[in-house]
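Per-chain residue numbering starts at 1, and chain names A, B, C and D are given in the order in which the chains are listed.
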Amino acid sequence: MLQKRQILRQKVLSNTEIRPNIFLLKVASPEISVSATPGQFCMLRVTEDKSNDPFLKRPLSIHWINKDTGEIQFLYRIVGRGTELLSLIREGEEIELIGPLGQGFKIEDKEIPIIVGGGIGIAPLLFLADILRGTRGVVILGAVTKSLLLRLGAFKESGLEILVATEDGSFGNKGLVTEVFDRLMARLDESDRKRCMVFSCGPFPMLRALYHLCKIYGVKCQVSLETFMACGTGLCLGCAVKAREGFLHVCKDGPCVDAKLIDWEG
Amino acid sequence: MIDLKVKIGTLRLKNPVLLASGTCGYGKELSDFLDVSMLGGIVVKGISLEPRKGNPPPRICETPCGLLNSIGLENVGVERFIREKLPWLRDKGVTVIVNCLGNSIDEYKELSGRLGNVDGIHALEINISCPNVKKGGALFGTDPELTFKVTKAVREETDLPIIIKLSPNVTDICEIARACQEGGATAVSLINTLLGMAIDIERKRPFLGNIFGGLSGPAIKPVALRMVWQVARCVDIPVIGIGGITSFKDAIEFFMAGATAIQVGTATLIDPTSSEKILSGIIDFMKENNYLKIADMKIVD
Amino acid sequence: MIDLKVKIGTLRLKNPVLLASGTCGYGKELSDFLDVSMLGGIVVKGISLEPRKGNPPPRICETPCGLLNSIGLENVGVERFIREKLPWLRDKGVTVIVNCLGNSIDEYKELSGRLGNVDGIHALEINISCPNVKKGGALFGTDPELTFKVTKAVREETDLPIIIKLSPNVTDICEIARACQEGGATAVSLINTLLGMAIDIERKRPFLGNIFGGLSGPAIKPVALRMVWQVARCVDIPVIGIGGITSFKDAIEFFMAGATAIQVGTATLIDPTSSEKILSGIIDFMKENNYLKIADMKIVD
Amino acid sequence: MLQKRQILRQKVLSNTEIRPNIFLLKVASPEISVSATPGQFCMLRVTEDKSNDPFLKRPLSIHWINKDTGEIQFLYRIVGRGTELLSLIREGEEIELIGPLGQGFKIEDKEIPIIVGGGIGIAPLLFLADILRGTRGVVILGAVTKSLLLRLGAFKESGLEILVATEDGSFGNKGLVTEVFDRLMARLDESDRKRCMVFSCGPFPMLRALYHLCKIYGVKCQVSLETFMACGTGLCLGCAVKAREGFLHVCKDGPCVDAKLIDWEG
């Protein structure tokens, strides 16, 4: 039997704090770079060799990939012990990871892509924007304030139209990404809206609000979900989230799913 | 020269490394990483007569060197298992042990009857850490009499080797193991998870949707090993060791305690190839220490 | 504004952080690092009527996020304790709880009678994870009836607050806790160590001189927390939480589960100042979350 | 109440592999350097911050101290997970440790010190040799082969007489340190022997053989013991070793003890 996948140990190219507590991690991973699609994730070992604590690998979305150089990037925020340990890994060291995992975003040719990301939720969306280069797509990025707005320059390189919302109005539109999205949809005519596909990632309340707007406007919507994961590979059934019917397993059915499958009030 | 084969009644395993129920799906999920047929066998995710949806999320919580889970025995049910999951395992030549869930003695009987006639199933593992709905939800596996009754009922229903999987949440594990032996069990496997919980202090509520969960992983290994040691000395049937096995060294400890075979559980979640690494580590250790068979490693006291 | 004081019957603690028995000597050993009188109190190393030498070495073994110990209740005996160890604690104004060991109900009685009249002792903690020599060595704490009898016997012997310290190696912790309540216990404390073992695969023999040992440390916290949650919901007397508490967050989890006070055990071995850090972390957490008293943190379900 | 001791976090000056799997660790610790005496030890945290595994601190003898600069040294061999993790700590990082702990060697003025060390057992003896500078003392160092002989140059700086034994004869005397010791004792007269004090550290069988020789020659002998330790501070009673009567607790009664207190056959 062919072993398609392995636990990879790969070289860290850099691990830089780009904003307070926000890190950009670059890893040389030809294996992952060739096969990954936008929206997929990896499980990363944050624990030192020989130690069992913290016990689980951490899921991180693939932020960006350079298929030519085999470099992959992760963008992460320190929220606890695991991400803190991850932030200590230095250039030249090796990191253990598994990937690419899960279902990425489903992209169809004739659609108008609308990318909506809030806060660290923009992580999986740069790779997506890059792939959508040359389309009529729009990217809406949100943050609390200008200094927390992440990777704006990198998104601009995709050539897509970029709209920005900051809650305090320090940059771009004042308000929430959903408000910008609302105004954008209001401007489009019915037939364009039908062709739109929203791709989103961010805090749950933002995704829920976005989903409700999409329902009102009759726009299709995919979201990237987060939940606690033990394996990331479909073995444990631990990553269940409430769906319209029963449960979805984020690591296998997702993380990117059609927003209408989810039980948003659950 | 080294003979890795082990016998559990009429069940013959090519080597003593099994995958533990609930941590390896139905085998296919692992096949991207691992040639499952290389192992002694697989114990598939617990199966009940009817499909089950499982517990509300969150279902897992990391703990120091361990994992709490409250999956709640989510599974596709016996019919879909036989139709959709088993054929793949049979095609690959995997030794299949089916982990069986029931909420009454009748359910265990019916389930083992149904599974007993199916090609490609080599043994049943009876998970008695299930609530007995007829008796107010107390677990079968914490009561020696109920354990005896379940064992006997299943024994009468099928000729397959029957492994009873013990709950560690008991005062006297030997009393339960003896009840299995008396009921006609081919073997016992232990341990299932320790009952535990965690609290989310920010939200001020239990972390898991189900409040309680099962603790697994390296944290529980000392308890598992102690129980295997005790049970291997109080029954005459084979003992399968489970609990926190992450490296070949852990496996060797269980063989020395008296286990005939071992199961790798949570370790597979963290590294899907753990079982393979453990198997090759066992072989190297046996070579270096001139052990010819697994049973030679048992400590005779 | 925050009131850290807690009451355990007539025992008043200035704060809910105690040092657990067997991990803080007789207090003085820690005084190089810590002002013990700052804490809620100390539970001294288990004391028996006669001095005991303890178990053969090796007595400790590191496990994943945990520690196995088989100290074997080595202690100086009650008379030397009173003469040589207690005066220092009394001078420092430390609240002293004496952990009591016995091998028969009579021993527990005699010991608590002896300790009940001594100045500077504020409460007794009865360790019922001791073998009952009259009953083939089964532990008192695994039998509800024996637990009741020990509690009652001690209760009749002294007016001091009596805390019964429960063994977690039981099927139904509530059954045991209720026996304590019925026997007249002022409070229960839990958990003592989980029974475990390790094997030295190079030497092919159990690692500990005593074969079995008690597992403590972060590894066991989920089990301890679950039991505290259960017991806090099945008895009306105060519950003292013990098991794997290493940071203030762990302590908060126990308060939320329903503990009135907590004990810091193995953490002190690794960092002798742990208890102090935990106490200050509790205070900060309460301030940030507007809790006024410890009891306010309990989750009401 | 005065807090005399703390958990120290101190800067690593260097951590160098001086022989395969043998490391010399230098730490800036003015606190420990001022109060330590030869034969005392420290408990070192080998675990990464935020991790609980490996769980226990590791005991290491104080190898050498520079009271002027406040530098302390440890000499250790990689034997397992903890020492392996320790070996990864780099210059400039901090290490958590407690010390000095335990009873060091008891040194009296009028004695003739005989220092006997085998293998990594020489670790606590350099500090001792340094303190004994200017006495009539003799140092006997042993190793399996020349390349495993440790810190010979450093011992020479103490100015004491140095005798070397290698099992394969590749350097110094061929044979065991106990044989060299035996010959040395045979040369001394009764009154000199009475004034001798042997200080030793090494594998248990070596210490036992040495003790038996000392008994025969009527020479006093102190040994530094090793055992598993949880706390190192006298709290757990875990470090018991069999003594003539009952047990000794290595971290409080030792690690340096009068050899005749020990049950050598236990």
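Keep this in mind: a contact is a pair of C-beta atoms (placed from the backbone, for glycine too) under 8 Å apart; a residue touches a chain by one contact, two chains touch by 3 or more.
Please read these numbers as outputs of a predicted model, since none were measured by experiment.
By number of C-beta pairs in contact, C-D leads over the other of C-D and A-C. Averaged C-alpha coordinates put the centre of subunit A at 55 Å from the centre of subunit D. The centroid of the Cα atoms in subunit B and the matching centroid in subunit C are 34 Å apart.
The distance from the centre of subunit C to the centre of subunit D, with each centre set as the mean of the Cα atoms, comes to 36 Å.
Taking each chain's centre as the average of its CA atoms, subunit A and subunit C sit 48 Å apart.
Counting partner chains per residue, subunit B shows two or more touched chains at residues 63-66, 217-218. Among all residues of subunit D, those that touch two or more other chains are 52-54.
Under the stated contact rule, the graph of chain-to-chain touches is complete, every pair of chains being in contact.
Partner subunit B is touched in their complex by these residues of subunit D: 52-53. Against subunit D, in their complex, subunit A makes its touches with residues 47-48, 50-54, 81, 84-85, 88. Contact residues on subunit C toward subunit A in their complex (touch as defined above): 64-65, 218. Of all the residues in subunit C, the ones that touch subunit D in their complex are 22-25, 29-35, 37, 45, 53-54, 56-67, 69, 71, 74, 92, 217-218, 246, 266, 268-273.
Of all residues in subunit D, those touching subunit C in their complex are 1, 3-7, 52-57, 98, 227-231, 233-242, 246-247.
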